[in-house]
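Comments concern the structure below.
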Amino acid sequence: MQETMTSPAGVPGFGRALKTEEMVLNMGPQHPSTHGVLRLEVVVDGEIVVDVVPHIGYLHRCFEKHCEHMTNYQQVIPYADRMDYVAAMSNELGYVVAAERMLKIKVPERVEYIRVIMAEFSRIVSHLIAIGTYGMDIGAFTPFLYCMRDRERVLDIFEQTCGARLLYNYMWIGGLSHDVSPDFADKVKSFCKYFRPTIKELNDLLSYNKIFIRRTANVGVLPREVALNYAVSGPVLRGSGVKWDLRKNDSYSVYDKLDFEIPIGAGKKGTVGDCWDRYMVRIHEMEQSVNIIEQAVDKLPTGDVQAALPKRIRPDAGETYARTETPKGELGYYIVSDGSATPFRIKVKSPCFVNLSALPAISRGAMIADLVAILGSIDIVLGEVDR
Amino acid sequence: MGRYFRDVWEGIVTVLIGMKVTWRHLFTPAVTIQYPDVKLKLPERARNRLYVNMDDCIGCDQCAMACPVDCITIETIKSTPDVDLGLTSVGTKKRLYVPVFDIDIAKCCYCALCVYPCPTECIKMTDVYEFSEYNRENLIYNFATMTAAEAEQAKARLAAYDKEQAAKKAAAAAAAAAVKPAPTPAPSPNPDSKT
Amino acid sequence: MTPQELCDTLKTTFGDSILEIKTDAMPDPIVKVAAERMKDVALFLRDDERTLFDVLMCLSGMDYTGGKLGVVYHLHSMKWNHKIVIKVEVPAENPHVPSVESVWKTANWHEREAYDMIGVIFNGHPDLRRMLLPEDWVGHPLRKDYQVQEFYNGMKVPY
Amino acid sequence: MKEFLVSLLQNEILVYSIMALVPLVWVIPFALFAVWWERKISAHMQDRLGPMRTGGWHGWSQTIADILKLIQKEDIIPTAADKKLFMLAPYVVFTGSYAAYAAIPFSAAYVGSEINIGLFYIIAISSLVVIGLLMAGWASNNKWSLFGAMRSAAQVISYEIPVALALLAVVMVAGTFDLHQINQAQEGGILHWYIFRNPFLLPAFVIYFVASLAETNRTPFDIPEAESELVGGYHTEYGGMRFAILFLSEYANMFAVSSIAATLFFGGWTSPFGEALSGPWWGLFWFLGKGMAFIFVQMWLRWTLPRLRVDQLMYVGWKVLIPFAFVVVLGVGFWVMVIG
């Protein structure tokens, strides 16, 4: 039944049997499930989406222009936090990896491990929000609250470590702002112990619910070739069955010393690359993140949390492009320096921006309710799309 | 046909599993708190409202330089050598009057970048987080302890001192030119201060 | 292929259209290409069995100051796991670059953004509108000599 | 009750007016209570506390405060709206759901109108709700509202069929359309309730309950208001008092379908212990208690399940509920014929 509904072109006589008129529907900028201020200009034929034109830029905060007007490289970090504000640690990690590659700084081992723990926590946080809001898009409100409840526990750990709950400014070029507190390892371990059963509960409540599967399986199928051509990344790419994770394939930090799996979409409930696969990749990634965190905490070496840095950070003239795997996908920082203390140009390749650009390609022929499901499964944060 | 019945059966079963989960939660204690009545204890590193201890501020402007959103405004007046502004609690000698030290807390992004460069540790983030105001102007915090009159006085004194110095320098230069062409540099009142 | 081999392949295929090659750059080789041949280079890089650059990681518009604009393409091959940076430079008064939208679909939005922010015009782009700013905005903000407009639809712009 | 009032007041029209207002005495406090209850249930299912301040104990007067706020609000009618229809629609919706109460036996001593085709009347009159929703959606002149209205019309009309078939199964057993008589037939304790009397009436009840969720636009069939897709569906443009009335009628409708389920399958006002604890007031207690139990299940489902898509909703209605309902009707007929 769904196969025919998602591809109206395949319905015999579609568009011919009845004289119908298309209607333009304005979804957003204020709409409950556009996840921010996104405007979708939807051309609909009844309930069926004929075309989608996303309009973005409502949250444009001139990140790149700001960067060119900073007094030093360090000041970019609070701004980088504010791009993908649900996973600020990952953005910071991307930026410091790029800046350190630019400055040819080697940071202490302890810093790398703490960064990995924080980035993985941030992945859990981001995926919890993605999953919770996705449930809400589909109509289930309760999983969202459960996700937020667990997220708070991670934020407590963040707050205890760096003093902020959302926008951390924790990872600095060459180190961290604070060392972790003495009871950090215990807290992290107790969280991991708490968190595994709640994933199972989430699965019971939402992931394997028949209605949820019906709503997401076979919806918004993104085939492998299209995914690569649109250069989507992160769970969206892996949902399409591509085993590609920068943490393994283009390793940075200490991910090569940690053991984890890359979950990919297998089309267990429908077609490979449908919304359910993308959703399930996130669930499995959270489990993997818990694994990574436990290993990293066990391996956490002692030492200093600041590399020796020059007083003024002033890279040589040149450029670098560094990419890291954030929860949303491949976050790239292209930094060009002219030798001064201010970046000449910082361009951010935002994963959400790229993933969103694939939305029209996969939502044509779906229904309005599917459009919401597809958008939720792509998991965009408008702060990062618009920058 | 078998698939149809399996689907219906799965539909019923998974609904019941979900209902079991929510039923269990109906009797677990809530995790939320009654906020204004009950407050969570903030960790000691909590970063909230900025506070400046003006007794320790030497007016070095480093916090304003470090601020990524330019929410700190500092103006300074050089003191004349005859005035002793005292020492900070860490023993640094104060050489500048600070008549203006404004923080626009509405702009502040709580990144704490201003806290680290401070040589006397006088600017810090406190754990006060309830400071909303009805009027946006009230969010500009004036930390400076000097009154406008005192600032004027200091400015006037500095101007007089500069004039005196310039006159001395001119006299010295004239004298030097008269005696021999080897000019001696005039003593600068504040050799360390760059402001 | 090693970075050197990649660059050599490009040089032998495109000859004079390859303006500059930097293999010691960090971390990937940088190849500067004549703007008018960009699309051919892109097609070659995507389809040739030896290169197979199937992913356009990033496309950045640049203002190099001094009347020069540029576009930087960061390419990556899933199969060979190698990377390359392609650069084109165009004069600021006539900034036309062939669009690679038909080569990599992802370039669509990236090019719109570069047009919006830097003002590079991509020939052959199917839908070259502003991406982030309103349609009636004046100027391209990421140019180094950009002056913000005083009023936008009656609203004062500079804060 | 009617006879008693007529003898007391000597005026039939006055008596009818009073009789018509009696359910309102229940419906309005019930709606206020149910909204608060729903909030509390949802909160506790989600590990929250819900409203805790207004009125002191667990925020018991939160909805009263809300309704006072809604009454005070400015009455906004969009300029592009069809003004007359827009203003009329909430009342039509409310009339539809309220009129159903006329035939529901609240207790052995009270039934608004003891008509012999009570069940038929309820099915017919509750269709009026659809017209109201369509009016609301159309008159708002908002695309989202129109979507909501269209969905709701399609949904309610489709789900009338399984509802009617499931009720037909009961009618076949009871041999009457009169709700009061159906109720009386179930007197004598829990084992006399229809749900336990005939094995085919249990699936009939499930079918009725699922379909009634769709009739009242409750999750998982709340697609007409689907806030994550259609913002608010047919009531997107409504605010203030009109919105309150739409809301009230939604809750009134919920109770109406729950009480029909209680009456037809669970003995209505009859006591589960036979003669013990029965009587007019106990009858009222049992009736309301059973109704509230179903309301609780409705809420429980709402805070557990995601929402179906519109075509899947039709699938469930036409391809699952209706075939099963046919089987149930056949089975009940067979059972009645063979066993009696």
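Going in written order, the chains are labelled A, B, C and D, and every chain counts its residues from 1.
FYI, contacts are C-beta pairs under 8 Å (C-beta built on N, C-alpha and C of every residue); 3 or more make two chains touch, one makes a residue touch a chain.
None of the values given here were measured: they were computed from a predicted structure.
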- Message: Can you identify the chain nearest the overall CA centroid, using each chain's own CA centroid?
- Response: A
- Chain centre separation in whole Å, for subunit B relative to subunit A (CA means): 33
- Query: What whole-Å value do you get for the distance between subunit B and subunit C if each is reduced to the mean of its CA atoms?
  - Reply: 41
- From the C-alpha centre of subunit A to that of subunit C, how far is it in Å? 25
- Note: subunit D sits from subunit C at a C-alpha centroid distance in Å of 62
- Junction residues of subunit A - those touching two or more other chains: 142, 149, 205-206, 209, 211
- Query: Which subunit D residues touch at least two other chains?
  - Reply: 45-48, 303-305
- Considering only which chains touch which, how would you classify the arrangement: line, ring, star, complete or other? other
- Note on the structure: Chain pairs that touch, by label, are A-B, A-C, A-D, B-D
- subunit B touches which residues of subunit D in the complex? 41, 43-49, 52, 300-301, 303-305, 320
- Query: Which of the residues in subunit B end up touching subunit A in this complex?
  - Reply: 7, 10-11, 14-15, 17-18, 20-22, 25, 31, 42-43, 45-47, 65-66, 68-69, 109-113, 116, 125
- Task: Could you pull out which subunit C residues touch subunit A in their complex?
- Result: 25-28, 30, 54-58, 60-63, 72, 74, 78, 81, 85, 104-106, 108-110, 113, 117, 130-134, 141-142, 144
- Note on the structure: Per the touch rule above, subunit D residues touching subunit A in the complex are 42, 45-48, 143-144, 147, 219-220, 222-223, 226-231, 303-312, 315
- Message: Help me check something: in the complex, which residues belonging to subunit A touch subunit C?
- Response: 56-57, 60, 62, 64-65, 68, 101, 226, 228-232, 242, 244, 249-250, 318-321, 323, 330, 332, 334, 336, 345, 347, 349, 353-354, 356-358, 361, 386-387
